[in-house]
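Order of writing sets the chain letters: A, B, C and D. Residues in each chain are counted from 1.
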């Protein structure tokens, strides 16, 4: 039998539901789990809602004060699924209390805050993971394996966009408030593709960017556009928007190497497009192939179903938290397969560079502290 | 709080895992659940394996004798996820013991057996569901809603194929044995598309079919091909194969009506293709549109995530068992949205007609008992 | 410089335009052409229309009596682009007059007529081609090359459908009249996929079919559906319809071999989907690849443009007539790369078997005379 | 009968072949043609090659001195299909001699040269067209019509990339030489998407760009990446590369408006993807629809074939030159449907801004002279 770990969670909304589902699912689908999660307590601001969430997801207790979780000795892992403005203080407090931590992205509302969170948590000596869950899409992981195998040759291009279309709606008010969210599409969507750029290609060297707010009286961006260069010499574009009508959750990227290319779109997350110049049967039959990433030998799929029985978006959290629990159990690093707080910080720094370039009109070199 | 219902399950393999996951997931994702499932006991032939399954999925008890489940008063719902040859006797016994029943497809190994199961179970007065889970794909349900709205006009065509490619592999031996399975691709895959044909269009009137076994010394079919007519006057083709190299779980169908068409493929189960002759903005912009069936107003999606955050194959079982639990709670019929044992029987009768046509070389009229 | 050949054409409608364009285009795009076509004369029933067509396409003369073409010594090639009911007599007369002949499909209105045309023309010793132009789609030719290379292993399945949606429209009246057309969707669309089945897999052994007429007072079929077997042991389905709303010119086929599969759709005729079990880089990256059949080494592409600069439907006629002119120049056979009248006859015999099976309700073995 | 116009052409390579084919084809496929082209003479540097080209395409004469064409009174239209470095002097000379002119893109090797060409030619009072042929793709024209109808609402985004993969090959040496070509991927590919951005959305206001040369010892760019803003407030990205392995002629763009979106890719040029928020049948069936732009009512299609019988890349030149001949016949402006030399100049100015931004690292406002 697996040993257990107590989980204290902050937040019961979209991300809270996704994380809670993942803890419950990994307990039996990744069998035996690295550690068996015990849902100790959940914190949230609305007493009725957090009570309901506790009943629903099986948390033994609930509280409107996140400090209760920090003080609870049964909690070994603090899961921060709260809004951006609540990432810093609770996460740092949890780490100082000796709890491992996972925090939703973006880690901080800007690079400075993210850096502070990383530094404080790292100093506490606990495991830390920034929930860039798209590293745990099987197709994305397969892409990383292909890139790292060298089969594609030198990478010349990476282009990514993350497009949604609910920017004109009146939902989730905190996401449109700079004080609470830090930024708009940039931190919410852009940070994901920045992380994937770093994960698949390497560090971003410079950004030449523009940021747009289409909606009147909104304090955060609705979209950004950037031309970027990488330390490796690769070049590309990054873009995110909440005003791309008809695009629901359209995170797409493509990378081109000297000997092959890869392409991905999140709305069809079970697929990876692969082009290889030396593919069989013959040069006359080369083309982008649609790899249905659902075979037992594909990343993470051994936990699931036979070939072609596709998984969904939520499964990325199962893989991610399974990875974290394994790192905790084995006292192993979260990176480089998972994103740790350094990755969370670095993504924030790139996002800051986007803002700086947009404001100054100049190409900005990403400078890490 | 929801009332509870005790579940006794037969089978812990592929289908057992899918059903167990569904009971556990629906308990919190469909909130509040219609009835809260309690996993009472699981039965299977291998003592070690069934013990492990019980631990893994949280069944309170386990047994190597399914009769133990029937005798257990705590069991209100008998879930038969066992191999085809074990569908009849245990399911009938459970119903006679007053338990509601859900049984995997195909209901029986042939029409006669399926009819007997249906009759016996119906006579017992319990709820019965045949697990044609693809009725619970959101895109399929949306398709049914569009068809029934009349927007497509008279339906002229339905064509479906269900293609896999593991037929040359040595796996799951019982599936290749006539005594245990009844048939091969026909009952395993073909029954699904027969059910969808009936669900979306109506009763199949005639079949003109061929059945093939490619592998030497195999007692079941590897593929079948059929031209079919419907009571409504629609015509089409049905086909299933385990020898379609590169097709992993490729259930595809298309239907054409006088004013529009629909198309679907299971490997991209979050999408429905819709063509309407009167679509906006103008005649010049008509085309098959890819509907990403992930909006809150789409069938079943209110249980899940925001638009574009796709679900997986396993979710169909959550929807299916949620439907069954609702029917039990409300004493409502399982059909026509879900498939009951009459549907299980009717699909078996069509499959028998395929075999009869293949053997006789004649067009066979589907005759229900 | 190439030698010339005089062309006499019957028909100035859809097919006449396509053939005339092809003669004019091949004269400079396939350079040097095997023979330089001289457009001698065109025949048609409407005097004004045929006069206009002659001016438009550059025929030196025009006539309302096709016998004028037969009597014209300058005509070395008789091109029959007329309606089905005018395929037999003029084509035979032309061959007897020593002219090479190309005739649109279907060769005859039924197997008997097609057989007679073939026999009479073959006896005359001239070159004869039945205009199954889809043999000359680069992707189809590439498919044939891959099949014949043996890379796919034994072929288990071939499934094809040819779907259009104008069956409820009032156009081209002769196509809906049995006396003029012989059949409806069967001969018009079905003959194409029968030819491709024979071209890519081999002879069709049996058909189990249904034929439907949806429109009242119509003497020809609107659709047919068939389960078929091949001499090789492969099995599959064939289907054609003029009532598939939203499908404009949707000829699709897929074939599955033991080690790979191919798939094609005519509305994206520049692409071939190829799946190979031993494709590079690794088993984990297998999938259907979209081959853009536009490279210089692909069939016919040397005549055209750089990679990715796609060709259209009309180009198939350029390739086809280039092939015929080459056969004439070199006194080489039209088959097996092109379809000759024996192929035209054989396709007609399979279509007759479809009708016979539909009428008798029995599986019909295709019997060639 | 149509009146005639004499054509004198400079260049017999890729573009020369495409233009010559278009003149010959439009003469009978667009019937009656606005003016009937007479191929008077063709000029090129290699005497044997230009002689062969004249024979092949039916030019009455040929010359190695383009000035011969200028001096020829029979020439009413000067077609400059030569390399970039030969765009200026011959085109200006032709215009001064009173001939209408069409010139391949990019009009000049930089904005200054393009401006000079435009000014000189406009002063001569002749018709002038810059051969941005993608304005004449039926799907692109349909897109423009939809945008201009206002159905999409305010346009927020335009993103385009033009990707090819032959940059590591040793072909067409002049294209890699700055003196002859002016730039690399930027002018060759980028100018096309700049023109489409202007055509579909409006003037580009600013660019923040990076330019890359991957190949050693090459004097031109291999790729560029740009974030752009439009005068309208729309924002987006532009990118072109000759190092996108597996992308053959992949010009793609997408635009997002407040009420709908459009997407296009040149390798499937017969299709336009259209999303409308108010599409029928219901909100539940919204999605990007694949419009097969091949109906008689679609732009340019009346010249061609029935629905679904797709056209190819070369057809864009037929439409383009048909447009020019119509403008000449009717003394009508080439713009705004076609691109005139002002459009050629403006595209060059945007390309210059890309270079300036890449060099300075600053956002550059596009300033027209």
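Methods note: a contact is a pair of C-beta atoms (placed from the backbone, for glycine too) under 8 Å apart; a residue touches a chain by one contact, two chains touch by 3 or more.
Quantities reported herein were computed from a predicted structural model and do not represent experimental measurements.
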Legend entry - Selected pair, greater C-beta contact count between A-C and B-C: B-C
Inset, instruction - Please identify which chain has its centre, taken as the mean of its CA atoms, farthest from the centre of chain D. - result: B
Legend entry - Rounded Å distance between chain A and chain B, as computed from the means of their C-alpha atoms: 35
Inset, instruction - Give, as an integer number of Å, the spacing between the C-alpha centres of chain C and chain A. - result: 53
Inset, instruction - Averaged over CA atoms, how far is the centre of chain B from the centre of chain C? Could you give it in whole Å? - result: 41
Inset, instruction - For chain A, write out the residues touching at least two other chains, lowest number first. - result: 247, 260, 275, 286-288, 292
Legend entry - Residue ranges of chain C in contact with chain A within the complex: 142, 145-146, 149, 151, 260, 271-272, 274-276, 278-281, 283-292, 295, 297-298
Inset, instruction - Show which residues of chain A lie in contact with chain D when the two form their complex. - result: 152, 156-157, 159, 161, 163, 165, 168, 206, 208-210, 212, 214, 223, 225-229, 233, 235-237, 239, 241, 243-247, 254, 256-261, 275, 277, 286-288, 357, 361-363
Inset, instruction - State the interface residues of chain A toward chain B in the complex, per the touch definition above. - result: 1, 14, 18, 20-21, 24-25, 28-29, 31-32, 55-58, 164, 166, 247-250, 266-270, 292, 294, 304-315
